[in-house]
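Letters A, B, C and D mark the chains as written, and numbering starts fresh at 1 in each.
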Amino acid sequence: MKYHVGCTLEYAVPSPSVFVFNVTAAHLPGQTVLYEDFSTAPELPIDHYTDPATGARYHRIDTGAPHLSVRYHATVEIAPQVCDPAGVFADPPAHLSLADFAYVTPSRYCQSDLLMRLAYREFGTLPRTHAQPAAVADWIHRNVDYLVGMTTPLTSAFDIATSRAGVCRDFAHLGIAFCRALNIPARFVSAYAYDLWPRDFHAVFEARLGDRWYLFDPTRQASPGGLVRIGTGRDAADVSFASIFGPAMMTHMDVYADAGDAESESAPKEWRDRAVSSA
Amino acid sequence: MKYHVGCTLEYAVPSPSVFVFNVTAAHLPGQTVLYEDFSTAPELPIDHYTDPATGARYHRIDTGAPHLSVRYHATVEIAPQVCDPAGVFADPPAHLSLADFAYVTPSRYCQSDLLMRLAYREFGTLPRTHAQPAAVADWIHRNVDYLVGMTTPLTSAFDIATSRAGVCRDFAHLGIAFCRALNIPARFVSAYAYDLWPRDFHAVFEARLGDRWYLFDPTRQASPGGLVRIGTGRDAADVSFASIFGPAMMTHMDVYADAGDAESESAPKEWRDRAVSSA
Amino acid sequence: MKYHVGCTLEYAVPSPSVFVFNVTAAHLPGQTVLYEDFSTAPELPIDHYTDPATGARYHRIDTGAPHLSVRYHATVEIAPQVCDPAGVFADPPAHLSLADFAYVTPSRYCQSDLLMRLAYREFGTLPRTHAQPAAVADWIHRNVDYLVGMTTPLTSAFDIATSRAGVCRDFAHLGIAFCRALNIPARFVSAYAYDLWPRDFHAVFEARLGDRWYLFDPTRQASPGGLVRIGTGRDAADVSFASIFGPAMMTHMDVYADAGDAESESAPKEWRDRAVSSA
Amino acid sequence: MKYHVGCTLEYAVPSPSVFVFNVTAAHLPGQTVLYEDFSTAPELPIDHYTDPATGARYHRIDTGAPHLSVRYHATVEIAPQVCDPAGVFADPPAHLSLADFAYVTPSRYCQSDLLMRLAYREFGTLPRTHAQPAAVADWIHRNVDYLVGMTTPLTSAFDIATSRAGVCRDFAHLGIAFCRALNIPARFVSAYAYDLWPRDFHAVFEARLGDRWYLFDPTRQASPGGLVRIGTGRDAADVSFASIFGPAMMTHMDVYADAGDAESESAPKEWRDRAVSSA
């Protein structure tokens, strides 16, 4: 499936500032960037770094100009794996890959250590299959209101567990925290999402079941099958689309994710009840 | 109904300390202290204060002695009101007594402002009768584990809403916070509780419905009908059984509440499904 | 000294809502309301309640109208007490009035129980005179940035102690929490403040020293001598200028406090280094 | 310098449990394990994993036995780098290695995003040299009480910033959070510490300055020069000495770190005012 994705970000830069962007499609097995262009106006030198573990790509720009405009366009081919959720099982702690333990421990916005008892009460007796993180995503969808403006970048899963309102980032954090509390490795995925409205960057979570990472969107606003992955991390702290060092302020943002072929339009919707993993 | 209640509290006092005790039965309509004795060893001057609004009584002791022992014994007659919960209705905000507004606003351990959405999701569609706070108490009983040692005096309703474990004080705080989030005035009651095991001071909450305060015990460890009230406040901060200014440490505590007549043994249990108010 | 104070508050009321306003000058010794008018448009019945302990006055309005406008005008004579701070001493816990204990215990936004160690480190060795709460106010002025938009009505003293930014309400909460941690009764005062810019309701704190309550403004934006008191409470939860039950939203607010005689213009500024108590 | 280090950990295991230990000396440049023995009683299969990024080593044990005893002994040669702090400079955000950005973002127990303003107030005007994190460590030493029993494994830097008491883990978390708030990459180091009393595992932090990681011990209980490193992570969540999945409970713990040659006894103390980095 092919998607055309991209964004335009504009900033006022009253005094010299350093930006680290994480907006480009990751280079990963199962996700091929066919074409892309990342440019700035004014034209500036760009430091580039790719995280070897996750394929996430970071672009750093150091500017003293009064304005900065960043544009990214890409055409990306993705080949998500789709299977019957009934055949997908979670590993017990004795068999989890020790390399994945960083995704079982709590992180800044996913305080699984504070949600243990709640997670076990709500999900502890479910079979340790794809159904368990799927039930987590369902619970969040039913019990948390999707509302813009109730939360801030400082809001965490612990807050949301009681305040019960937030946006995609908050929904993903709560899903991750619940999964980790259940000893299922879970992580944060930032993405371009096909068919998302209003247009914006999206966030979902993925859970490690057997030897694959399965995608879940507790907001139900996008299909796990229609995501072009940008970043992968413990939580939003790892994959902020723009980290700014200095007094710059965003003045405009536009994000898009359009289908590039017929399958890209239909497949994600058809897969809503399947187990989808990224590669 | 008649109860014999009391306590012995012993302290090591390495250097001069001031104690404020709130362990004596309140003087209130519906609760008559037939006999009581409050004494200290060594014998010391005692400042006494009764809160005019709640009848709670405070005893202050200022001592430089290396040890302090406080003993309280009382025989108390209580006359709780018992009625059919079906006939008990909550006032809407337009008719609440403005004198009760202090019990609708959030307090230190009952952050109703943080639990609004959760309260409405869980209890918002219930009829605004005795059934609504009763459902709050049931929910807490079902969803929070009664466990000693998981919480501290700093633990609040907001913490418990997610951590899901605590003791009577924590259960009462969560009940109060939920009721206030639903615009039902609610307050904290410390008490001697008949038939409580292990023996200790107890805490429950009461909710304002119409022109009376109805008692609820989300721990299910005592009957609202078998309580000899000590203090009434916004939360535990108001009615700590002992506030200590100085380095004194408790070395021993014993608390009891025994039936003084046959009705005291049986009535509380029979009333478990009735609406009980203190006076 | 005489002040002309008042406000206009306008609301959109999409469906029936109940308002409880606390915007009228309190009736207290030392503060005489010479003239006042509280009116609504449309004209509506008003429930009125005066808290017997603090003189704070609450007006309740129940409306289904699509708009509500509230106007208050008053001319108020105040007679603050002014004295040399050197002669003002804090009572030790052994001599505090037990009636003031509610102002030593923690409240929703003033978690003195969490700030004990910090309070003792910063202020514990100061003399227990007017200088101690004055040092608290100074510390807040020096260490917290006055910034609009960094905090919300849910922000507490505990948050501000680390985040170090807020508005008058937050500054008052932190001052109260520090004083209580030092065993000095302290409470929240909402007021019309002469010479405040931009024009708004103001919040300060007062601390009990001996037999009087002394005023402190850690924002340094108004003089303790130029305040017309509206409400007095444990913290902002007690004296919100408008509590709304329903979906109403504020659309306009204007607040003023003008001098009514020559002394009102000059005295407050001259008193900046004196100990000022309200009556 | 040579140290003999090790530990004995004993557990009651009432039902099958999985343990992941992180108690062995890391294999790193500048730290050579000359001899080591990791054994369990009863003898059990052990899964072993080494984090490629940090050299931290994890041992997983799955047991149904009623008791588990783990012993570790090692002789380790360390070669810390020591230099004049005056020549050590922090990189600005424009030149930080993007590979280190994970150590600038907030983590579970190091909420640098909540401490920005406090960090800038206290340390923001210092030169961006070794002196800045050294001032952080000094501040913590002066302003936080080292007290056992005031904190739990759930306590974070944000809590400590106000509560002002904790143990080595808490001190390290606060140091890390402050450094990250100042845009200095910082991370958590668990270690065997020579001359630590009482004997226990130790925790310190290290900050990235130029091309090296420099060690700081805000507890002042051990010398950065006398540490045998076990784990390196974002915070304690990454390098818990024992993560337990199941109901096992520790019944005994002993930890030691003895000097293996004359330099090991003297050098660490001599280096207290130098800049020490691990390799």
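What we mean here is this: a contact is a pair of C-beta atoms (placed from the backbone, for glycine too) under 8 Å apart; a residue touches a chain by one contact, two chains touch by 3 or more.
Since this is a predicted model, take the numbers as computed values, not measurements.
Both chain C and chain D are touched by no common chain.
Note on chain placement: the centre of chain A and the centre of chain B lie 46 Å apart, centres being C-alpha means. Centre to centre, using the average C-alpha position, chain B and chain D are separated by 45 Å. Averaged C-alpha coordinates give centres for chain A and chain D that are 30 Å from one another. Those residues of chain B in touch with two or more other chains are numbered 114.
Taken together, the chains touch in the following pairs: A-B, A-D, B-C, C-D.
In the complex of the two chains, the chain B residues touching chain C come out as 18, 20, 47, 49, 51, 58, 60, 62, 92-94, 98-99, 101-102, 105-108, 110-111, 113-114, 153-154, 183, 234, 237-238, 240, 243, 245. Looking at the complex, you find that chain B touches chain A at residues 114-115, 117-118, 121, 143, 145, 158, 161-165.
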